[in-house]
Each structure stands twice: as structure tokens, then as C-alpha cells.
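Each of the two complexes below includes subunit A, the first together with subunit B, the second together with subunit C.
The block that comes next holds the complex of A and B.
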């Protein structure tokens, strides 16, 4: 009897240890899955689509880890990394490189371009220390807009990439012309108990996560974490604060650039123009759902958060279509996404302010 | 900020402090130079329309800046309150229509906006120090809540009349993606009336149509008013040396301003004379019915005749709100706002309830934004239910920043200058895009870039300047200051405990 009570208490305290955001979204996710099964969707299909969105979003979510750890806060300027990745893909595609070669080369170029962009972005963030989050979103928006002009004017004349009429690149470049759609997703793909596992994509995600985990155990990584925890203390310990923050933002931007390459193959399109504009917010909400705060983030937060948050979004549409008849379900799901995503970010901001007070 | 006595130094600091404004001015002038299909009258009409349409929304940003909340992207929340009111009024259109319906919309929007403003203010108090990003995110959050309510709540939870024109056809759940505010009685021609016999007159542009005067007369009135203001201020300054110090207007500046006012009046009288003459000619020429077809008429006269009339009531409303903001900054509450904006610990020590003051400032902003949104939509006449509020926050903030405001200082002057300059950019950017890239879409991207670029650049420069000042002061003095501040924070916590 007494044993049972203690077990109960420890279970409750375990639940209590889970951060509020994770608990709330986790419960919502479970509720949606149960509703989905009740209204007749196969369980395997629900988990498959959760895994699908997890696979394409996880690396973009991962990009927030270094920036949060360095004290710059969540990377609200994620579009900078994304346009670097898009530019890399467009340049490689323009040379008519296809298949695995395209994946390899565009990933390498994305890392290079992302690091360069991240260097300048990091310098900007150092110039506006203390107000990074207020300025970062507009930097991202502005870069996205200026790349709208770049896509219009790039001197590329590949017939599969241009508008059918007039100049400029298409809004969506289909990757199936280049044998690169679902290339990672289809690698070693298997089905188990009705769950489709896109193995290649997941391998890439876990390798990226493992590399990030390892990086934060190197000397540079530890220095970055120290800077995020207390810049004064880090400075006293002989760490170059500005340099650490720049490195962190370079990594963050480069990871985002790689993330969009994985994303593009996962959907089979390279999407340009206004597409990256509001990409930072779902990625940030993802890592916050996983239990990260504005100051501390771990790789585990990325995996948990990206699965729960993106999974929720993936399931909401099919499940609500059956629950709410006669409504514009797409619209409703989009509004729910806005509420959950931004509610989570606001909650994290409030926690940060409370932390700053104490 | 950079104190240098040499002329070059002064010029440099002027360029640096007004960089954003100068870039915009350069862009607009460039646009004028390269645009081919562009007339003075169409430009004036466009900019006038946009000025009266957006004026109140931009003014709504000033009070939160005063209270140290930074630029309130959360005016979108207020705008949503205005839209909810319009949806409510439009749904019950058979009961009340036309101009009275519009007035009722203002009335209905106010309590909703006060509630929204209160909640937003509470949130800003919970996210102190990060209000700028919190206000951006809260605008997205509010959009979601509003969208869910309008898309599902109306009809899904609140029962509606089946087959109402405002609802999605067929399902009766959710408001349509777009609805019209309806043509006003003045614009309802016989043909339209015949086609929809049971149609009531709408409320679009009813406020603007109440009373309109010729553009040149409005120009003359404004110039005379400005001149009187200058003279009266000058007279008061003679007696009140404190005001003279704050205004700091040398005699030559006064004379230049007065001469400018006089020139505007002279221009107004001259052009109205020209128009009067040509209308007489037109009246006496029976076989010509358009002014620009008259033989011998100058382009100047044609252009002047093409400028639209000025909506007096709308401009009076905007002027009244602007005056109210100036007056508000001089009241006890306004002074409290300022001291909270300057330093929360000091304001707290001097007995000001910081949190309450911040909430009141947010409520003011939200209510003004709700009214501003109603004016904005009533001028357009067409409401895209789920999207039209999206850019309100960005555009308004960009406008006031172009006018020279910062995150810590904004005035009515900034708002007015910004409105003109920002919307001039908006009007010329498609032409610049066409000239530079030979593509209509390019102008759109350039415009978007300028909006976000100007917000990022102004805020970035402001933070950077402050950090620089802080670095310059880095010495024993700041250390001492820090020790003092820590003590103050401790006392604040004690004071807060007694508060609500």
C-alpha cells in the first residue's frame, strides 16, 4: 500500500518536472491522436505523418540550439540561414547537377554560404547586444525580401527553373526534374506496423543532432555555453565573448541552411520568394515545446519538441477534417497553429523576463 | 549625440542621426526622376488618400513609446477590435446603416479595444524588457484567436441567421473571406440602386464624404493656421523664457517659416484664381465638357483641377487626436508615462504605479488603433476578413520610424513626416522597380525590403548608439551607479508587494 503511494508521488513529481510547454502541447498531441483513432484514422498513418514533419523540421529547429546557448536568444533571423541554403540549392541546380551529387554539393555549399552569412549576422548581433530579439526578426524579413529581387534577376537559364513566361526563377522549383525529390526520405524507407519510417531523413537528423551534442562537449562549445550563462564570468575566465557569439551564430545559420536542403527534398520542391519569411517562428516554438528556455537549450529539447509540435500540426488537419464538418478546416487549423506557436513563444518570453528579475 | 563644433562634424552628425529619413527622401526623389507615367496630381491624390487612411494608426504608436514600451506592434490587436466591431455592425445592417452605422462601429469597438488593451498591457508587464518582440508575437497570437473566433466561433458556437450574406455560403459557419462595407448613398447610382432594390446605403467613405473642401482652400487654411501658431508661440516665448529655451527657435528660422506659410497661401490663391478662370471659360464653351480639352489651357491648371477634395471631418478627427496626444503628454498621467519611460525604478520610488501606467498607455494605443482601423477600412470599403490587418503593425511602425522616431522618442511631428515620406516611397516603388529591373514584381519586393529594412535599421542604430554611449561611460562611475541600482531594485520589490 505505502509502496504504491510513493510510486504515485514519484510519478506525479516526474510529470511536474516536465516543463509546462511540453506538458501542454504533449497532452494536446495525445488528445489529437486519440481523437484521430476514434474518428477512424489508422494509428500507423497518424504516427507516419508526425514522423514525416519531424524529419523535415528537426534540423531547422536544431538551428536554435547554438544561438540560445550563446545568449543571443532563439534565432528569430532563421530566414537568413534559409535563403543561404536556397541560394546554394539554386546555384547547384543551375549547373544541372542531379540526384545524390546535388544533395552532397548543395549541403556543402549551404554550409559555406550559411557560415559566411552567419558571420555577418553574428557581428550585427554583437553590435546590438541586449536587444537581439527585437532586431533579429526584421533582419530576417528584410533579407527574405531582398532575395526576392535576387531570385528575379539571377542570370540562370535552366528551362525547369524559370517562370513559364517572363524572367526570374519560379516560386517552386520541382525537384523531380532533378531526381532529387524525397531522395533522403526514400533511402532505406520501410514500413512497420503501418508506420512508414523515412530512414534516410531520420539518419541525417540524428547525425546532425549527435554532431551538435558533440560540439557542445568541445572546448569551443563549452566556451559558448559559458558565454550564454554569464558573459561577465566568461570574460573573466578569458573567453572571447564576441568571438564565441559569432561562432554560435555561424553554426546556427549554417545548420538552418542545411535544414532547408533536407526540407526541400522532403517535400520535393525548392520554394523561393516569400516562402522563408515566417519560418523562424515554428522552429522556435518547436524547441520551446521541447522544454528549452530563452537561455538554455539541449539537443533533447529539439527532438522532443519538433516531434510534438510538428506532429500536432501534421495531425490537426486530417483529424479535424473528420471532427468539424462544414467548416473551413484548413483555416481553423492554421489559426490553431498561430495560437499554439505564438502562445508558446509568449510564455517563454514571460519566463525570461521573470528570470531576468530574479 | 556626437557633439562637434566644426561644420563638417555637425554635418556628419546630422547625416548620421537622420540617415533613415534621408535614404527615404533620396529614394522618393529618384523615383520621381525615373517614373514615366506619373503626374503631380495623381501623386498628390494618392498620398492624400493614404495620409487620411493611415493617420490614426500611426498616431496610435506614440503613447506607448512615451511610456517606455517601445514601438507597439500590438496595435494589430486594436485593429482586430475595430474589425470585430465592423463585422458586428455589418451583420446587423438592416437595423442601422450608412453614416450612423459607422459611428456605432466606433462605439462598439471602444470597449472591446479597452479589454484587449488591458490584456495586452498585462502581458507587456509580464515580459518587461522584451516588449518589442513580445508585441510582435502577441499580434500573431491575437490574429490566431481572432481568426479562430471569426472562422469557427461565429456560426459554430454563436448561432447566426441561416443564409446571411456575411456568412460562408452553404455552411453558415464562419464569416466570409471578404465583405463590402457598401457604397454610401452619394455613390449609389441609379443603376446600382435598381440592380439591388433592397440594398441599404453603405458606410464606406461616409466620414470622408460628410464635408469636403477644395484642396487649394485646405492648403490655404493650413498655412494660415500654421502662421498664426508661429506668431502666437513667438509672443508667448517673449514672456515665458522656459518655453523659449525648449523651442529654441532663432529669428531667422521664424522668418523663413513665416515666408514659407505666406508662399503657400499665395500659391493657393493663385491656383484657385486660375481654376476659377478656366471653369468660367468651360462654362461659356458649350461644345466642350472637359477642362483638359479646352484650347490654350496650361498643364498647371489641368493638374490642379485633378486634385481631389480634402475630407474635412476625417482631417479634423486626426488633428484632434494629434492635439490630444500633445495635451496628454502634459497631463499628470502623461508625465507619469514619461517618467516610467525614462526609468522604471526612479518612477517607482517617486510613487508612480509603474505597471498601471504601462497598462493605461497600452489601452490608449489599442483604442486609437481600433478607431484607426475603422477609418482605414471605411476608406477602402472592402474588408479581407482574415488578412487585411497583417501589415498594419509593420507599416505603421516603419512610417513613424522614417519620420525620425526611435524606440524611446516619438512625436506627432515624426508621425506626420513619416506618413508622407513612407507613403511617398510606397507610391514610387513600383515605378523604381520597373525602371531598375524591368519587372512589376520587383517593386513589390523592394517595398517589402524597405519596410522591414527600415525597422531593423532604425532599431539597430538606436541600440548601437546607446551601447556606444554606455561604453564611453564605462568607468568607475558606472560601477557606482550599478551598486545604487541594485539597492533601488531591492526597494522596488518591497514597494511592489503592497501594490495590486
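The block that comes next holds the complex of A and C.
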């Protein structure tokens, strides 16, 4: 096996292999870091918080891999998976399960509920083949709205979960009442050169990524990828196209459900009501920034993208605060942060749409 | 004899390096019905597109040669030029607007306008779009055109929902409604018509010709042509073969001219074959119907013996490609199928593959390959999916065995590539076809369907592929069902060749049957009738 094609491995040619959006956001990332250093922001803290955001967002970003690979496109209906995960946690908490047991049981239940929801969502996507990206976001909105009502009416009477006055679950259920806040984040946590490394979170992220990577090397995973590339080819090879797309969306939704469990422990709250609406676009922008297209995504895109995109947001806020110094009247900094975040999302989506045309 | 109206002088045309018309010259006379004949790809539509100034001609580098009308050279750079010169054309594909009435379609873009007060003002602002249409005049003209065609249908009927045969007449009505029409080109007008509709059209054509309008008529149905035309011109592989008075020829001769002596591939001897008339039936097909668009199969039955190479030929659009696609479940089909005596349900691709059938599709890029994936992944794909091969103990793709197998196939089939990692989209047509074959062979099939195995590939690869098929049949006793538009190729390796026309099997011939017999069958004429005609 020695006759490998010798490739020109100059630095420039390596750079050229990186997708354009990744390069652009990467450069921006570096610029922000340098600015941070110049204005004297504590480096350790910046890296710590960007690692933390990466840890809680990576699995949510990972949920896009199966749906993109199967040809359904990025999972714009991420709220379905998130609602499944939230429901799982709420149900487990209602039984007053605490700590690691809560983590374990709500993860398992999240996978089960997510798979069931993903099954029906997959069937919906098959029914609207060709306009998935138009229908999916509204499916997410609809589910979020319906569950707004569910949270209000669930027959749960755990005092730590209810509004202080009246019926219904709180907007934010604090996990510290259940000894489940930061439970992964604190596992094997250590500090090095001023950087806090939340090892437990990162381990879970890498296990999830590895499982996904392995799945796409199994017969079923390879079949799903083929369905996304060319449904006619897949059909001629005896693959059930609709079934493959349903499996992909079950996995996608289940992964999103697990993702929100990890997210919740990372911030110490189970957040309900409108909360699921704010995940789809950052997760999709993350994978696109990492080099995925609307038709093709790899686990590597998730890791690179979640790190760059979430890292940038983590860095941008404090750096801008510093740059603007005392001029932050009326939350200008937070506005800027929103502009940066939505600007990158818009940019990534525009690049994706353009790529789809070519 | 009537006057010469139109002349094609030394017309040549190249599509991206591929010469599809070579120095073609012939003429059309006033008021004659002139049949233009030739196998698929002979260049019939191309030369008519040149006459009509179609953009596809001019966007691909134009053409060489001259067009003369009334002995004067004319330039036809667009369909508008053509219309101004009195040339009308009904294309192979319909160009009607479904939501409009027949009259509106007949008058499309040539609407009759009335003046009114408002439009005098608005037309200066918006141009002529705002003028009111004079519907009465439009309907009257459309009526006249329909009457010429003996069409009793109301002119204000919507085109939407009309039977497809009627649409053809609406298109013709549109052309003959044009003032000063001299030549009307009909590109395969009867292909979509039922028998009685076709009859009707032929008599309408005679009416039109009687008005002094010349008709150029492209068709595959030889009987129609001899019934209606005054002269015939035959093209073969872009060359002009002959122009003759119809009364001086017959279907048999025309068929021979059409099929001709092509670049022939010598028939390899049948020695060493593991097959004879007593071999078991490997595939039995009864009353097969397939709903493949443009390749419909309408009730075909045949048996193929174990180890046989069974050829299926016919002109494009007649249904030959539908057979394999229907059997393999790519398009909806019904019928009774037995494989090695065992009944199989149609539409179950997985079951067919599991029973040892493999399919090399005619649609290489759409169905045959994952063009963004590597050669090795393409080669092992179906075997992995159906037979769970090339997986390790954990159920993961086994890189090592995949690579080893891919290298073996690359060597055996002489696939020219940089490595087994190269994407198949980057390969030449011939090498892509070899990858498709490699994938099928990796399934270790007992029955192999190959459709258009050598379409669009160079002669060297062609030979290699045909030799390979023969070798598989000889050494492994593989049953092969090969569908091809190239008769020479079918005859070179098949044991029997079936000819499909209009969705039905006209007959089965031995590979050494005369060309005229094949030609007749391709036109839908059974042998017995052919003998009467000669």
C-alpha cells in the first residue's frame, strides 16, 4: 500500500480545503481573540466559557447530522426533540428522582420520547417530500406552542416545579433542588492555566459524536447516506427510502432530546415554554459553519462548527463589553451579541442556499 | 411535378465535438408530404430544429451549410425568422398552455386586438399588452383552422384535460392558422396517438397538403408513411442515405435503409456456452405492464433460459427499457414473474436482489452511481446492503476487505482511475459503466439485467464490456438480459433478440436474422405482414 498519491501539502493548499464559511468564521474568531488579548481580557475565562458553550451545544448541533445525511436537510424542527427532552426531565423530576439517577433516567426517557416523536416527524417529512425546509420550522413552532399548554396543565404537584402562585410548571425549574445542576460539568472538572475544563460534559459530547460516527459506518447508516445522495440509486439497491428517512429523523430527534438534557444540567435549569424555539437556528448555523452543506454533514463539521460558532459568541460578548467600556447603555452589548449571532446564522444559511443551487 | 420549395444544402451539425449531421442535402416540394425517417439519434429532430431556427442550435455553435427557400438563401436565426418565412413546426414535446382555451392557444402571442379608448392611453404607457383581445375574431380563426383538420371540438374548450391526441391537433391548428404557411414540420406526431386518432391525423395531413402546404413528417410507423407520403428521405447516423418517391419503394426496403450496415461488432462465436434449448427457465415473464414514463410496457411475456443472453431491442420510447426497470421495482409494474420457477412479487426490489438478480441501469448517473462517493463504496454498496457482506464483526464497514475487493475489480475490469478512492463522478462514461458492472458482479448474481451497457462510451470500452458479458455467461452460466438501442451490439452477443414496439413485443428473432426483418419489427410490423408487403 505504498503507492499513495503524493499530494501537495503546502500550507495554502490545506487552507483551501477548508470550506469557505469555516474559514471566514475562523478568521473572525481569531480576530476576536486577538482583540481580547489587546484589551487585556483574562484569557482563561474566555476559553473556559467558550469550552463550556461548546459542551452544551455540541450534541444539539450533532442532531443535524442524520437529517442532513438522509436528505431531509438540517433539522429545523429541533424544538420537537427539545420538547421531548424537556418532557423526559419534567416527568423524572416529578417523581422526585435526584442527582445521577435523574441524569441517567431522563437521558433514557429522552431517547425513548425523542424516537417516538421523531418517528411521526419523519412520516410528516416523507409526506411533504421536496418542501421539508418550508414545513419543518413551523412544525417546531407548533409543537412548542402546544407544549406551552401542556406545561400549564400537567398534573404535577411537586412544589419545586410549580409557579409560586397558581397552577402550571415554572418557566425555569432549578436543578439544584434536585442535586442535578452542573452534574456533568463538575465531573472530573479541573483547571489548567486559568482555564476551567468541564471534563464530564466533554466526555459525553465525544461519546455521542463517536457513536454517531460509528453509526454512519454501519449498513443502516450507509444506506441512509445513500438515500440522501440519490434516492433513485438507493431504491435500485433495495433500500426502503421512506423507512431510512424515518430512522434518520428518529435519531436526529432523539439526539436533540439528549442534547437538551446535557444543556439543562450545564446551566442548572430546566427551561420551559418559549425556550425550545431558540435552538434550531444556532444549532444549524453551527454545523454549517463547521463545513457541512444542506446535503452533506460529518461529525467533524459538528465539532469544528460548534466550537467556532459558540466560541465566537462566548468571546464576543465580554470582548465587546471591554471595547465599548463604559458606553454600554441600555444593553448595547447584548444587542451587538444578537447581531453577531444572527448575522452568522444568516450568513451560514445564505451560503447553504447558494450551495444547494449549484 | 410541383416546384421545389425548400432545399437543405450540405447541412452539418456538431454537438460538443460529436458530429450528428454530416453534409446532408435534400429538398422539399410545394404541397408534398415528405416523410423523414431514421433510427433514434439519426439526426431527424436536429435538422428540423435547424430549419426552425431553434435556440438549441444557435447556443451550441450553429451549423454549417445553407437553407434555400424559393431558390434564395435564407438565414433562420430564431423561430420568429422561421415563422416569417412561412415555416411552422409541431415539436416532439407539446408547447401548450393548459389553462387557456383552444382558441387562445391557437392564437398565442399573435392575439387579435381591438382598439378602445383606454388602450389608446395605456398602450403608450404599457405597450400592446393592455389592448383588449378581440375574442370573436380569435374564436372565428381558430374555428377555421380546426375545420381544416376536421375537428368538431368547440374552440372555447380549455386545453387542460383534453385527451393527449387532441393537443396534437391544437398544435397543428396553431401552425396552419398562421398566414402564409408554406412548410409544416410534424416531429413524430403519431407517437402519442391512438390508432383512430392517427388515421384522423393522416387524413388531415392530406387536406393540408391539398392547400399547397408542404408537410415534413417524421414517424417510425412505416405503414403510415407508405400510406400518406409522396417521398421519403432516410437519415442514418447523421448521413443522408437516400430520397425516393414512395411509390418506388416499400416498407422492407425502407427498413433496410434505416438500419443499414452500421459499424458492426463481429459476432463472437457461441462456443463453450452452458446453455441449450433444454436448459431450465431462469426467468419467466407473463403479461408485464410497467408504468415507466416514456417507456411504457403494455403486456409483454417471454421466457429466458438459464445461461442465455437475451437481447431486447427497439426504438427509443417504445418500452424496451421499461422491462428491466419494472422487473427490478424501479417503476410500478404488474404481471406474473417466476425466477427459477419461484413466484416473485413485483415492486420488491430487495426481494429481487436477494434472489440473485442484479441490475445495471441505463440511467448511469441517476440510478447507477453515487457520483459523489468513491469507486470502492460504489462497488460494494449493494452487496453490503443486501447480503451484509464487507462488514466486520461489529457490523461496521470493513475498510480492508472493501479496498481489497475494489482493487481486484478495478484490475479485472480495467477501470482507469487515480485510485479506488476517486469519486465516480470524475470518471469517463466507459469507466463509470465499468463501476456499475463491478457493483452488479459483486452481488454475484445469477440473473443480470443490463440496460444500454455501451451508450455514450468509446469503442474500446464497448468491446471490453460486451466481451465481459459473454465471458460471464460462458464461465459462470450467468443469465443475461441485455437491453440496447444498438441492434449491432445486441446481435453480437445475444442468443435471441426480442423487439419491442409501442409497449408490446413484436417478435423474437435469431441474432443472424436479416436487417430488414429487424427494421420491420422495430416499426411494429410482424414478420408475416412484412412478407406480404414485399
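A few points about this structure:
By our rule, the second predicted complex is superposed on the first by the 315 of 358 C-alpha atoms of A that agree within 3 Å, B and C clash if a C-alpha of one lies under 4 Å from a C-alpha of the other, contacts with A are read in each partner's own complex, and residues count from 1 in each chain.
Basically, a contact is a pair of C-beta atoms (placed from the backbone, for glycine too) under 8 Å apart; a residue touches a chain by one contact, two chains touch by 3 or more.
In this text, all values refer to a predicted model and were calculated from it rather than measured experimentally.
Of the two partner chains, neither subunit B nor subunit C is touched by A:178. Shared-chain residue A:41: touches no atom of subunit B or subunit C. Once the two complexes are laid over each other on the shared chain, residue contacts for A:130 go to subunit B alone; subunit C is not touched.
More residues of subunit A are touched by B (comparison of subunit B with subunit C). In the superposition on chain A, contact of A:356 is made with subunit B only, not with subunit C. Judged by the touch definition given at the top, the superposed model places A:54 against neither subunit B nor subunit C.
With both structures placed on the common chain, the touch criterion links A:142 to subunit B but leaves subunit C unconnected.
Those residues of subunit A lying in contact with subunit C across their complex are 5, 214, 217-219, 222-223, 226, 229-230, 232-233, 235-240, 296. In the complex of the two chains, the subunit B residues touching subunit A come out as 70, 123, 126-130, 132-134, 136-138, 140-141, 143-145, 147-148, 151-152, 156, 168, 170-174, 386, 407, 437-439, 441-442, 444-446, 448-449, 451-453, 455-456, 459-460, 463-464, 467.
If you check the complex, the residues on subunit C that touch subunit A are 328-330, 349-350, 352-354, 359, 361, 363, 366-373, 377, 381-382, 384-386, 388, 391, 395-397, 418-419.
By the touch criterion given at the top, residues 76, 124, 127-131, 133-135, 137-139, 141-142, 145-146, 148-149, 152-153, 166-168, 273, 281, 324, 326-328, 331-332, 334-339, 341-343, 345-346, 349-350, 352-354, 356-357 of subunit A touch subunit B in their complex.
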